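To keep things simple, chains are lettered A, B and C as they appear, and every chain counts its residues starting from 1.
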Amino acid sequence: MCSAVVPLSPPPATNALAAGRGVPARPLIDLERVHVRFGPVHALRDVSLTLRRGDRLVLVGANGSGKTTLLRVLHGLVPLEGRRAVHHLIEGRLPVAAMLFQRPFLLSLSVRFNVMLGLWLHRVPRAERAARCQRALRRVGLDAVASRAARTLSGGQQQRLALARAWALEPDVLLLDEPTANLDPGAKREVERLIDALADDGVTVVMSTHNLGQAKRLATRVAYLEAGRLVVDLPVDRFFNDALPSEAALFLKGELPWT
Amino acid sequence: MALLRRHRATAMNSIADSLLLAAQLITRADADLWHIVGLSLRVSAVACAIGAAAGLCLGAWLAVARFPGHGVAVWLVNSLLALPSVVVGLLVYLLLSRSGPLGEFGILFTPTAMVFAQSVLVVPLIAALSRRLVLEALRDGGDQLRSLGAGPFLSALLMLLHERFGVLTVLLTAFGRAVSEVGAVMVVGGNIDGFTRVMTTAIALETSKGDLPLALGLGFVLLAVVGAVNGVILLMQGRTALEREAYV
Amino acid sequence: MDVMRALRRRVVLLGALAAAMASAAPPAWSQDRFIVMASTTSTEQSGLFGHLLPLFKQATGVDVRVVAVGTGQALDMARRGDADVVFVHDTAAEEKFVAEGFSVKRWPVMYNDFVVVGPASDPAKIKGNDIAAALARLNASAAPFISRGDKSGTHAAELRLWQAAGIDLAKAKPAGYKECGCGMGPALNMGSSSNAYVLSDRGTWLSFKNRGDLAILVEGDKRLFNQYGVMVVNPAKHPHVKSALAQQFADWVVSAAGQQAIADYKINGQQLFFPNAER
């Protein structure tokens, strides 16, 4: 199955927030009093959030609480009321965002094509495309099956392909919507390892999950949503140890942490 | 075919006799007949190719475009599906007539005019069906393509690529419509012997002459030819599908 | 990207296919010496053109592309300039065509005759060689009669014959009168399946296979003669018309060679058309 996953690299010293202390990192995306409505459905209510560089933000909450919508708002995919501001990076350009969905949509073509498509859509120069594609596939362990039809891969392989597709774009922000929800435990671990590795490389990660164990393992910051509101937004150790508002506490009790 | 006609001294009315006649026509490899068959296939195939280029783009665009009057455009395309072929023929005839706007090109009563008319005929069909295909596919993955950076029209085109077997079925449907229609090619082609006579107009001619067995026989030949074309395409499609299944 | 390569391959294949189609096209596509002739379905279905036009091509090298429709439609086509020469059989309509200026002159070419076919048992008792009497008897009976009703030369002739018999169709049609708005063949088909009387040109009748119970009941009356004329479309009205080549056709068909060719055309040993061009 997975043969060539690169071992975890130690977190870079410059990433202050990853270490959980010190000066807050640069803001990337600001959301101020954001409301999102889909017809009669009020998916997000009055959400304010600042995503900072190097964050590993995990969103938790019941189904329908607005986690997916919040991810899409951060990506810029949905129209909203309120303010969404994207800050330029130190390098002077706007951050590149990529998103992983619970069920990855792969085109009925080869594994390689699916990665190359993303590169082409992002206008990566032709000379670089093949190399970046190859590196991304090798990173997730799919280079051996690059010519196979993407739809013939297993669930875990497909999610890894989605990761490769996202990683090849060299994103600054990686958004993930319950990426391991449909995977067996082995595949789950694989994908978590890859996400961790990407975060260690400096990619800002925002992930939603039902799996509190996963949240504990991966997050530096946890946000709890309920009925479209952002109720709690705390660093991970405070989230799991401090006293939380009653709904959040009940939610934590309800979700089994063992996985 | 003229020789064959003279041999049929008595009128035969059973379908079985027409089938036999069809088999004889095929095995005898009558030059006139194959010329007519060839022209039918060429005209309809080229018309479908043109119709595919225009219709797939139109269908993809209609699936994603949002503008005032969009609903009217969709309604129009779906209604044009039911346009009788003879009406299309008449409209194109008026366009191409020497007294009409495109008359100076002098393409009336040539195979080019027939291709033109059949293209007009199949474009609404291809557009309406491919729009459906794209809409279904976008429901599944439109978001994710957008997230990758694809604009709406490009997403629609990618979905056509993704659903290429569905697209093939649409094109085969269009080809079937084109090769079996008689109204449009009769009016704009003129059914000129040896020049614009195709299978369907030949069948119409033999019917109007009262030579029903020959007309029906030609009909079976047309069916056999179209069946062969479809068979080849489906075999190719089936082989690719089998290759895909092998990995699961 | 492999999909770009795949697409390129497909485009090349399509291009090759298109080239193959174009090269396999019949040589007539590239021919320049051709004229478009508007004529009638009955003339084409009689098979005359299959016999006559190859002889013309041999003599002059000019291809004639025949578009066979009803007389009304043929003249309409010519008025629009979609034909170079007209060859129909409705003298009154042709003279009107000339009077309107769409042709300079009409040349008579040949004639054939009409016959009335009907069920062999002849319930309306019309058999004979007097068309006026026959039509009067049809009017008196309730026997079914199929009219082409399509403004063709045959239809026009039929209307004139009813007039000659003193019957005003506008006032009152015979009890069994049915208009099909169709060509000669379909009208005969209808007649044979419903055992009705039909006025047909002899040529179509001789080639018609689906006769059922029908047989010729009235023939030989001079009023049943059907005159054909040829007209070249006037280049003054439509400058693009190939008037020189069209004139070659008109000249040939009234010449001794053309007239002989017409007389030579026979079905089952019977001559169909009788040349009568003015010398």
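In this section, a residue touches a chain if its C-beta (ideal position, glycine included) is under 8 Å from a C-beta of that chain, and two chains touch if they have at least 3 such contacts.
Bear in mind the structure is a predicted one, so any value in this text is a computation, not a measurement.
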Interface with more contacting C-beta pairs, comparing A-B to B-C: B-C
Core chain by centroid distance, with centroids computed from Cα atoms only: B
Most remote chain, CA-based centroid, reference being subunit C: A
Computed distance of Cα centres, subunit C from subunit A, in Å: 78
Where subunit A and subunit B are represented by their mean Cα positions, the distance between them in whole Å: 48
Subunit B and subunit C, separation of their C-alpha mean positions in angstrom: 30
Where subunit A touches two or more other chains at once, by residue number: 109, 117
Subunit B: positions in contact with at least two other chains: 161
For subunit C, residues that touch 2 or more chains besides their own: 3
Residue ranges of subunit A touching subunit B (in the complex, touch as defined): 72, 75, 77, 98-99, 101, 104-105, 107-109, 117-118, 121-122, 148-149, 151-152, 165
Complex contacts: residues of subunit B adjacent to subunit A: 140-141, 143-150, 154, 158, 161-164, 244, 247-248
Complex interface listing, subunit B residues touching subunit C: 2, 8, 11, 35, 38-39, 42, 45-46, 49, 97-100, 103-104, 106, 108-111, 161, 190-196, 205, 207-212
Interface residues, subunit C side, partner subunit B - complex: 3, 14, 17-18, 21, 24-26, 28-29, 36, 41, 44-45, 49-50, 65-69, 80-82, 182-186, 188-189, 192, 204, 207-211, 238, 240
